Each structure stands twice: as structure tokens, then as C-alpha cells.
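What follows is a pair of complexes built around chain A, which joins chain B in one and chain C in the other.
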Partner chain A sequence: MTSADNLQAFKRAGRIVVVGASLAGLRAAEALRGEGFTGSLTMIGDELGEPYDRPPLSKQVLTGWVPADNTKLPRRRDVDAEWLLGVPASGLDLANNHVRLADGREVPFDRVLISTGVRARPWFVESEAALDGVFVVRTREHAEALQRALAAGPSRVLVIGAGFTGSEIASVCRERDIPVTVAELAPAPLVGALGAMIGDVAADVQRAHGVDLRCGVKVTQLEGDAQGRLRRAHFDDGTTVDADVAVVALGGIRNTDWLRDSGLAAGVWGIACDTGCRALDLNGLVTDDVFVAGDVARCPNPIYEYRLISLEHWANAVEQAEVAAHNMVSGQADRWPHLTLPLFWSIQFGINIKSVGVPTFADEVVVTQGSVPDHRFVAAYGYRGRVTAAVSFNNAKWLDHYRRLIETAAPFPPPCPTPDQPADTKPVPVDFPGPALLAQGATVVVTGHDPSERRVTAAYQHR
Partner chain B sequence: MRVVVDLSRCEGYAQCAFLAPDAFRMHGEEALMYDPNPDDARRDQVLRAAAACPVQAILVDLLEGRDAPAEAQSS
Partner chain C sequence: MTTTQTPDTLRRILDYSSRADPYPLYAELRETPVARQEDGSFVISTYREISDILHNPHLSSDTRNLSCPTEGMQAEGTPAFINLDPPEHDRLRRLAMRHFGPPHTPGLVTGMEGALTTAVGHLIDDFAGKERIDVVDDFAYPFPVAVICHLLGVPREDEPRFHRWVDDLINSIDYNPKTDPKEKLDKGVQARKDLRQYLGGLLERRHGHPGDDLLSRLANDDGPDGRMTDEEIVATANLLLIAGHETTVNLITNGMLTLLRHPHVLQRLCEEPDLVVPLVEELLRYEPPVHIIPWRAAYSDITVAGTTIPKGAQIMLMLASGSRDPNRFHDPDRFDPDRRDNQHLGFGSGIHLCFGGPLARREAQIALGQLVRHLDRPRLVADPPPYRRSPVLRGPIHLYVEQGAA
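Right, the complex of A and B next:
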């Protein structure tokens, strides 16, 4: 689409295919129609049924308040789409511009939006994952099945992994008065996302609510009985715990496998794109007709040294989808960059945890407001003397202030006087376990010498 | 009726929990839990809650499922 005429023709009668019919896909479809796209719109999704909202699945649905089927997303406008649901995409042919479906169908497009998201990382031993009582939580069906297991009154639930989802599930168990053990390899809950200081607070919160929290341990085996029902878990320190329900909350796997031979820069970290949501090919060249949005997108953020960052955040999916949709039907000069700061929330143990910015992009952290023992505070994160993120516990009203500090590269520790200052405001090292600062392993090999022949090939790693 | 709350925007003012307590509940001091599919009989209450939200974080369905993709079930 180089000329205005072409663009008008495309907006009027072009073909757009959206692969991934969840939050980002739906919001993009609505935005495309809102931008005046009147051509054909096809929505491809591997799950049956209408697009639904996932955050309630680990909260309202698991407490038993809201049936799993009741989280269908509200619509802002008619998207007048053809919906191809229940069949995943299996390939993307950029030579002929069509999406291949797992059942062999081919869907042609002029432009495509990829929003295939993330699936739950399953337990690593297949026979143990298949035991009755072993769950993951990502889809409506997952949540429904786990809710039924919780309602049956299990003797104990084991949550494997104390990230946000695992911690939320542990919180629901305690709310339902179900004994729960949480096993986490790191030294504390949430530590991989928010660092050691917040991790210690999260550990206190969990224990105060009666969670049997075991950190620094690895679950080595899930043991079933003769009927194939889970009965016990074994840890690497030789201890065991008897449980009839285990929830595997070890994060997600980005759904990029289907793009393996597409020539796009897609891999375990997501699909690389520019801030305009245009996918990069393996050589790092920007494509013209392939766009990416949501959990599967890996987008550079200028505030964080232009690093490619993928986010599994609700607001990011919505905003990125709207930018992608706008750019899909706009000429180069009218395109928007996706530049919003990451915003995240988690509700657990009666506490509203929110973050703005990228807490892992930090070397120091300082409590700037409120009281840590009261579990009501804000902590600011800094990297080389500037504010890069903030996390609040029951103090969300202040986060927008910190968003502005981050966007204006305010010095760290933050200078401006804020109310409710704690007595001790000394920054401490942020202390993330594992590789520092969004480190990424190499996933490609560069070959050739002459500029005309230098090319990148993918080097797929198993992890 | 379908409802979604943009909880990244929500700051816990709890206006919705006062105006439509069946659909919106506070969990602790400022965390909001809501029913994404409240009974249609509560529509007026929910619309009032959405209008009163100081940060306009409550999105209510404008179509009531008119564009449901039921016809496309696995085709």
C-alpha cells in the first residue's frame, strides 16, 4: 500500500485475517471497523465460542462466584467478521499471503494480524500431567475444571509456581478455607517479576494467610494412586506433601510454533515487531503486511533502551491491538507508535498489587510511600539513576504519578516530595534471581560476508 | 449483560460497589472483584455504576451479543 489510492481500495475491499480470537484479536477487529475498514474480516481462533476475558478465570471463577462461561467480552461495535473457530492456524505462507489451518484449509489475506497469545506451560512429565487432579489455568475449560475440583473440598491443594497466577490461586484456596501448599523454586513469591524486596513482602502475606509456602524447592514428581488420581508430590529436598489437587502455574508458552517456517522473527520470546506492530522477518527487516499484537508480540520500547519486550498484560493487549489496527489501514505518514508504559495488576490475599513500567529493568528499589508492614505502600525502581518502574500494594491512586516520572526519565531515587513518606527511604539492590535485565539467549545465526548476502537463520533452542 | 473492568485503570474508589453491590465487590481495601455477566434486571444499576466510575474503567456491552460467532462453530 504505497499510494493513497491503493490504501483507499484496501480499506474498502481488502482482506484482513486476524489469527487469534481473544482479547487482542477482538479489540483489533473492532478498531479496524472503527477506522472505516469495510473489506472482509476473518477471525481465526483455536477455541470454540466467543472471545472471553481471562483475568476473572483465576479469581471470580475459581471462588465459585462467576461461572466460567460468563466471562464473554463485551462488544463495542459489530465487527461483521467471518469466524473460523475451533481450528488452530498451522502455518503462514508469506510467498502467497495465506494462513494455513490445521484442518488443511487455506485462508488468503492482504494483511494479517497475529495475536495468538500464550498457552499454559504444562507439567513436564506427561504421564504425571495426565493424573486426575493435576490442572493448569489458562482457558475457560481449565478454570471450570479446577473450580469443580475446589468445590469438591480437596484435603490439600499444591500450587506449583508462586508467580502472579499461582499466588492468586493460592489466595482463592485460602478464601475457600482449603489447605494449600505453594512450591516455588525462587527464594520468594513474585520475585522473578518484582525482585527480592517485594518477594519478601509477598511471602509474609502468604504465610499470614495460612499458606504453607515452601521456597527454594523444586517439585520432582507428582505421584498418583492405582486409579490414576494425584495423591502426593515429591520435592528435591526429599520431603513430600499429600495433595489431591495440584495446579501447575509455571507461566506460559508463546504460541509461535505455527510460524516456524514463516520467515518471521518468531520464537520462544514471541514475534519481534517494530513499535508500529509490524512484524520483523528473520533478517530483522520490517514486513509490510504482517502485524502483531498482544501477549505474543515482542515490541521495542524506547524508554527501556529500545529493548524488545513481550508483555502478558491485559492493557497492553488492548492498546497494542488498537495501534496495530490503526496502522493496518493507515499510510506510512499517519502511523502510530505503540509507546505506552506497561501496566499490570494482580489481586491476591485482599491486596491490590499494581505495577507500572518494567520492574525487571532496574538495579535498585526504594519504598517511597506508605508502610511495608501494613502492606500498603509504593516502591519505586531505578536503573542507573533514573526511575524505570513502580509497584503499589493497596496504593493504586499514586501509580499515575510514577508513570509520569518514568516517562520523563526522572532521577532515582525520585526527588519530588510525596505524602505518606516512610521513615527509611534508602534504596536497596533490586536482586532478581537469574540472568539480569531481560537477558536473552541467541536464537539466530548470521551467515554471509557481503552486505548483499548477509542473512539470518533461526537457531531454535529447546527450553 | 456483559461487563469488563479495565483493572489497570481502576484505582479502587468503590463507587461501583455502592451503586451496584451485586455486580461489584471490594476485595480488601481497594481491589475490585466484579461479575462480568450481571443479571439483565440489574442493567440500570450497572449503567449507573459505569457512569459514576471516576476513572471510567467500566465497559458495558453495546451490542448484547448481536455479532456472536455461533454460526462458525468449528465449521
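Right, the complex of A and C next:
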């Protein structure tokens, strides 16, 4: 793809394969057609049925308000694609440019987009995970099954993990007047994403809504009865709780296993790419024909010191998909970088939580507007004296201002005062529990002596 | 530094002679995005800067934060939420929204569609066989007034009384002590008092008699934020009554005028009824009912586009100019109902985003959609039509249209 002629020929009659037919995959396909790509388009997805929206699965679907099959993603245009659904991809052969499917089929491409996303992290003991009443929530089927279990009126629900998904599910339980216990290893809910100060607010909110919140504890065992039904959970402090439903909300696992022998820089942390969504190979070289978008992408962000960041955010998937699609059918001079700021929202216990930027990229946090006790406020995050993120509780309309502060590297703490001055305007340490190693498991072996022969191979045994 | 003094451009915009076409002057104004005026106030005219400052928490809507408020700016009694800052603004707006929109009253506007269509139908029925109609008096004014009266619980037959008060009140909004007779201000102050007294009388009868209208809901409902005081209810009802029709009348009239000036679009609207949705959005950008936010206050020093606006300064936001900014909208002076990425400033932005926007949209969509299908080869009698005085709420005072055989 070196000359404009080649690019035109590719746009007219090339072959593009999209692996992963959910939000990022669908939006990319639509954007490709919007960019004038008229060649063949193949969508590969492991789930049957049309692409659907996931945010409602832990909210409106669980309350019973929206049926699980009413979450189909709206279509912006006809993508005129061949859909290969229900069979996962099992390998990527970059020597011959084809995707292998689990049933043995091979799908050739000129360019490929990887948007395989994330799956739910299952309970770590397989036999306990298989108990009747133990759930995860990632797919439409998961949400539908959990909704049915909640509708049956369980005596108590145990939510394992108080991140956003776990907290939203606990909120739904309280809304449905179901007793709920939330078990979290960290000192507070949401603390891994938003830090200790917001974590304390979230803990207050949960307790005020009648959640039996247990922090700093680990669930060690899920105990079933003779019929294989969940009846009790054991904690590492020796206590137990009786529950007939447990929801395992311990985050996700990026779907990169199928790329193990592909030669791409893919691992548990995702697939590394440049800001143009072009995948990096194991050597850290940019590839020409392999693109990445969505939860599975690990993309450098210049605003955050060029660190590679993976985000499981809805808006990020949409924006990356559009950038990737554009770059797939554009020449070097027309390439776009993916530079939008991360944006995230959640609704739980009647509170709209929204954030902009990367709150984990911070050393201090300060409440800038509103009232923490009233659960209506904005907090700004700072890193070495500049604003890097903000989070709002029931105050989302101000976030555009903070987005501009982040984009302009404005000084932290932001200047006061505002009409809605909080009682305490002193920054406090952000206090995240333990630095998470983003590239955990990325162990490689370097071989060769001359620059022409130096190469990296993955050392998977170290994982 | 983007600050220069362009007092003349603003003066010419406010002058009645430029009412029919202020847009070339807006372009002139945009050459200085943040312009300091002789009196120390600031005028902001570009999209990005307006949008940024409307999201800036250091911008205040409360006259008490102006270092030298213009006479007449301070309303008598309790301010409505449009003139308040958080947390008071948030509380009052939340209390009002409980009875108007989601999440507590999600179906209100949708539920009104049948009534809106019927109201429009009654007005249009009278046009049959008429050669000449005034789109303002015969249609664009009576329709939203009927809607807001019904919504609030204000008897329709009292309309002539409050019509005069609202006129005097609107006239006093852009009162300039240097050029305007004091009488203009006094009439506005008196009208404000009369209107509040009238609404207070209506409210009194609602206590203990919960009904469907907004006044009685506000008077009788207790939510998590408690209840509004009677003064707060009157201030809110006052705001909604004025905003509920003084703006929509312009949107509908400007819409019909724009369609008559773009006959191919008018024709398309007759053939593609769904076009009315993006068309009304484009109207809100291209010929918005509200052109100017006449004043906001800098609560503390605010820096916009390299210019520092000092604490206490008065800030005027030229919304209609921002929506015509070529740095934001491609070919901004073209009326293009197929325009994409049309995030106009027609309803403002930020926490004061138009409260009644969802209703205004539906009103304009239904009114324009019905009107174009029932008029027989409509023709504009005068272009430009005569305009109302106000540069803030800008629209024709009459819009005469001829139809039928010619």
C-alpha cells in the first residue's frame, strides 16, 4: 500500500476482516463504508445475533425495565458485510494474511481490525463457578439469566467485587428491595478506579442504601448444597454469609489468547498499538495492515506522558473504531491520531457518576464544586501540578470545563472560587491501592546480535 | 491578546436598524472573540469561547455578583433559577423538572403531542379560503401561549392581561440608561410586579387542591428536596410563562420566514415530513429565537482565549453569532436542514441549557410541519418583514403571507 493508486484499488476492491463484532467492530464497519470503502467486508464474532449494547446489561436490563434482547445497537448505515457469527477466531497468520476460525475455516484479508474486547473474569474455582446461582455479567445471556434470578426473589445476593459493574448490580438489588452483601478486597468500592476519597463517598452511599458492605475481605469459597445450588460464601476473616445468588464482578480478561502465536505485542494487558490504532508486533514495530480498537487496544496517550493505556469505556470504543477505520483506508499523510480524552459514566444508587481523563494518573485530588455530603460535587485530579482528570457525582454538566483544563495542561489545583464552593478545598493524596503493573506478564527474550537480526520472542512461561 | 474595543459594532447590533439582518455585524464582532467594551463589560461572539465560558464554573448568573449592575437588572423579589447559581439554581431547577421531564415525569412532552396537533389544527382550519394571514398573530403567538397556559394552569381568557405585562417586561430587558427613556424601565418593573401578583393569586387557590397543572403540582408536591416556597413558585411560573411563549413564537415565525425564503426546502418538507426534525435544529442554529444572553457575571477572574475578564465584570454572550461561526460550522450562512454535527447554541449550553427545549422543539416541529402542508402556495408579502424591538429575543412582529390564486 505504498502509492495512491494502490490505496484507491484497495478502497475499491480490497478485503477487510473485522474480528470482534460488538460495539467497536460494528462502528468501524460503518465508518469504513462511510469512508467510501466498497471492497469486501467480513465480520467475525463469537456471539450469535446482532451486535448489542452492553452498558444496559448491568442496569436497565437487571431492573427488568428493558428486556435483554431489546439492547441491539442502532445501525447508522448498511454495512453490507458477510457475518461469520457464533464461531470465535482462533489464530492470526500474518505470513499469509488470514484469520483462522475455531472450526478450521480460514478467512483471507488485506487488512484486519481486531476488536475482540473483553470477557468476564470467571470465579477462580471452576466447580464453584458452576454452582446454580453463581453469575457473571458480560453478555446478553448473562444479564438475562441474572435478571431471572433476581426476579425470583432471592433471600440474599452476594456481589463479589465493588468496581463499577459490581456496584451497579448492588444498586439494582436494592432498587428491587433484595438484601445484598458486597465483598471487596480493597478498602472501599470504586477505589481502584477513583481513589480513596471517592471510594469513601461510594461506601457511604452503599451503606445508606442498605447494602451490607464488607471491605478488605476476600471470598475464599462458594459453598453449594447437595443439589448443586449456591447456599453460602466463606470469607478469609472466618465469617460466612448465606446467599442464593452470587455475582462475580472481578473485571474482565482481554480476548487476546487467540493471538498468542501471531507475532503481535498481545498479552493479558491487551494489544499494543500506536495512536493511529495500528498494532505493534512483538518487536515494538508498527504493522501496516493490522489495526486494533476498543477494550482490547492498548494505545499510547500523549496527554498522559505517552503511556500505553487500555480503557474499557464505551466512548473510547466508538472513537477508536472511527480512527482505526479512517486510517485503514487512508494514506500516511491523512492518518488521524486517537487523542480524545477518556470519558466514562455509571449510574448507581440514584447517582450519575461521570469522569473525564484518567483518574488513576494522579497523585492528588480536590473537591472543586458542590457538596460531598449531598453527593453532588465535582472533584479534580492532579499529577505533579497539572489537572489530569475529574469526576462528578450528579454534576456532569461541568465536566466539559475540566476536559478543557486537562487538554490545556492547566495547573492543579484549579483556581477557586466558584459560586458553589465546597466546604473543604484542600487537595488530598489520591491514594490508589498499590501500583498496578500495566504490562504485567510482558516478559520477552531478545535474540540475535546484528541490528538486522535482533528480534524479540515472547516468554510465555513467565506469565 | 484578543481584547480590542469594538463598541461601535455592538451598538450597531443593538440598534433597531440592523434587526432584520444582524449577521454581517456578528461576523465583524467575531474578529475579536472576546471584546472589552468602554464600560468595562465584555462581549463574547465566537462558538468555542461562548461554549467554554458557559461551562466555566466561575461564570455567575446572579446579578449580586456584578460589580456595577445596570439599573433595572435586579428583579424584584425572589429570582427565578435562570438568575441563580448552584446550589440554589440546581435545587429549584430540579424541583421544577420533577414535574416536566425525566426521570420523574418522562412522558409529559410526548404525552402532549395529540393536544399540540389539535391546537395547531384549530388555528390552521381558520386559514382555509383566507388570502392573507399573519403568521405571528394568527398562528405562532396563540399556539405556544395556549400550550404554556394549559401546562401551567393559567386561564386562557386572562391572556390579554398578561400579554401586555409580558410585552412591557420584554421591552425592558435591554434597557439602556443612556439612550432609553426611564419610562421603559418603569413599565417593565411595574409589569413584573403585576405579573407576579397575578400568578400569586392563581397559586393561592392551588394549595390543598392538587391538580394536573404545574402550578398545583409545585404547590402540593413534596419531593426529596422539599417544596418550593410560594415566592419561588411564582418566580418559576413567571419565568416559564414568559420563556414559554416569547421564544417559541420567534422560533416558529423565523422558521416560516426561512422556509419562504428557501422554497425548495419548503417543498421538500411537504414531501418528507421527517425532515422537520433536523430542519428545526438547523433553524435553532441559523435563525434562533434567542440571539443574546444579555449578561452574566465573572464570579472570579476568568481567562478566555487569552483575555482575562476581571471579577465582577459583566459578560454578554452572542449566541446567534457563535452558531454562525465559520470556525465551527462549515458554510455557516447557508440554511442546510441536512447539516450534520449541528451542536448549535440555540438553547444555550451548560447548566442553564433551556429548560423548555424539548417542548419548544416539538411545538416548532408540529407547527411548521402542519403549516406548510395546509397553506396553498404561500408567498411572503414583505421581505424583510417588520421586526420586534428586542435584539435579544429577535423575531418578526408580523409575518404576512398570501396564499391561493395569484
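Here is the rule we use: the second predicted complex is superposed on the first by the 445 of 463 C-alpha atoms of A that agree within 3 Å, B and C clash if a C-alpha of one lies under 4 Å from a C-alpha of the other, contacts with A are read in each partner's own complex, and residues count from 1 in each chain.
One rule holds in what follows: a contact is a pair of C-beta atoms (placed from the backbone, for glycine too) under 8 Å apart; a residue touches a chain by one contact, two chains touch by 3 or more.
Quantities reported herein were computed from a predicted structural model and do not represent experimental measurements.
In the superposition on chain A, A:376 makes contact with both chain B and chain C. Contact with chain B, but none with chain C, is seen for A:351 once the two complexes are overlaid on the shared chain. Of the two partner chains placed by superposition, only chain B is touched by A:87; chain C is not.
Of the two partner chains placed by the overlay, only chain C lies in contact with A:404; chain B stays clear of it.
In the superposed model, A:368 makes contact with chain C only, not with chain B.
Residue contacts after overlaying the shared chain place A:43 against chain B, while chain C stays out of touching range.
Considering which of chain B and chain C touches more of chain A, the answer is B. When the two complexes are overlaid on their common chain A, residue A:291 makes contact with neither chain B nor chain C.
By the touch criterion defined above, A:420 reaches chain C but does not reach chain B.
When the two complexes are laid over each other on chain A, chain A has residues 376, 397 in contact with both chain B and chain C. For chain C in complex with chain A, the residues that touch the partner chain are 51-52, 55-58, 60, 62, 65, 85-87, 90, 299-301, 350-351, 353. In the complex of the two chains, the chain A residues touching chain B come out as 21, 43, 48-50, 53, 55-56, 59-60, 63, 65-67, 70-87, 313-315, 318, 343-345, 347, 349-352, 354, 376, 394-397. Contacts from chain A toward chain C in the complex involve residues 368-371, 374, 376, 378, 397-398, 400-401, 404, 415-420.
Only residues 2-4, 6-12, 27-37, 59-63, 65-69, 71-75 of chain B touch chain A when the two sit together in their complex.
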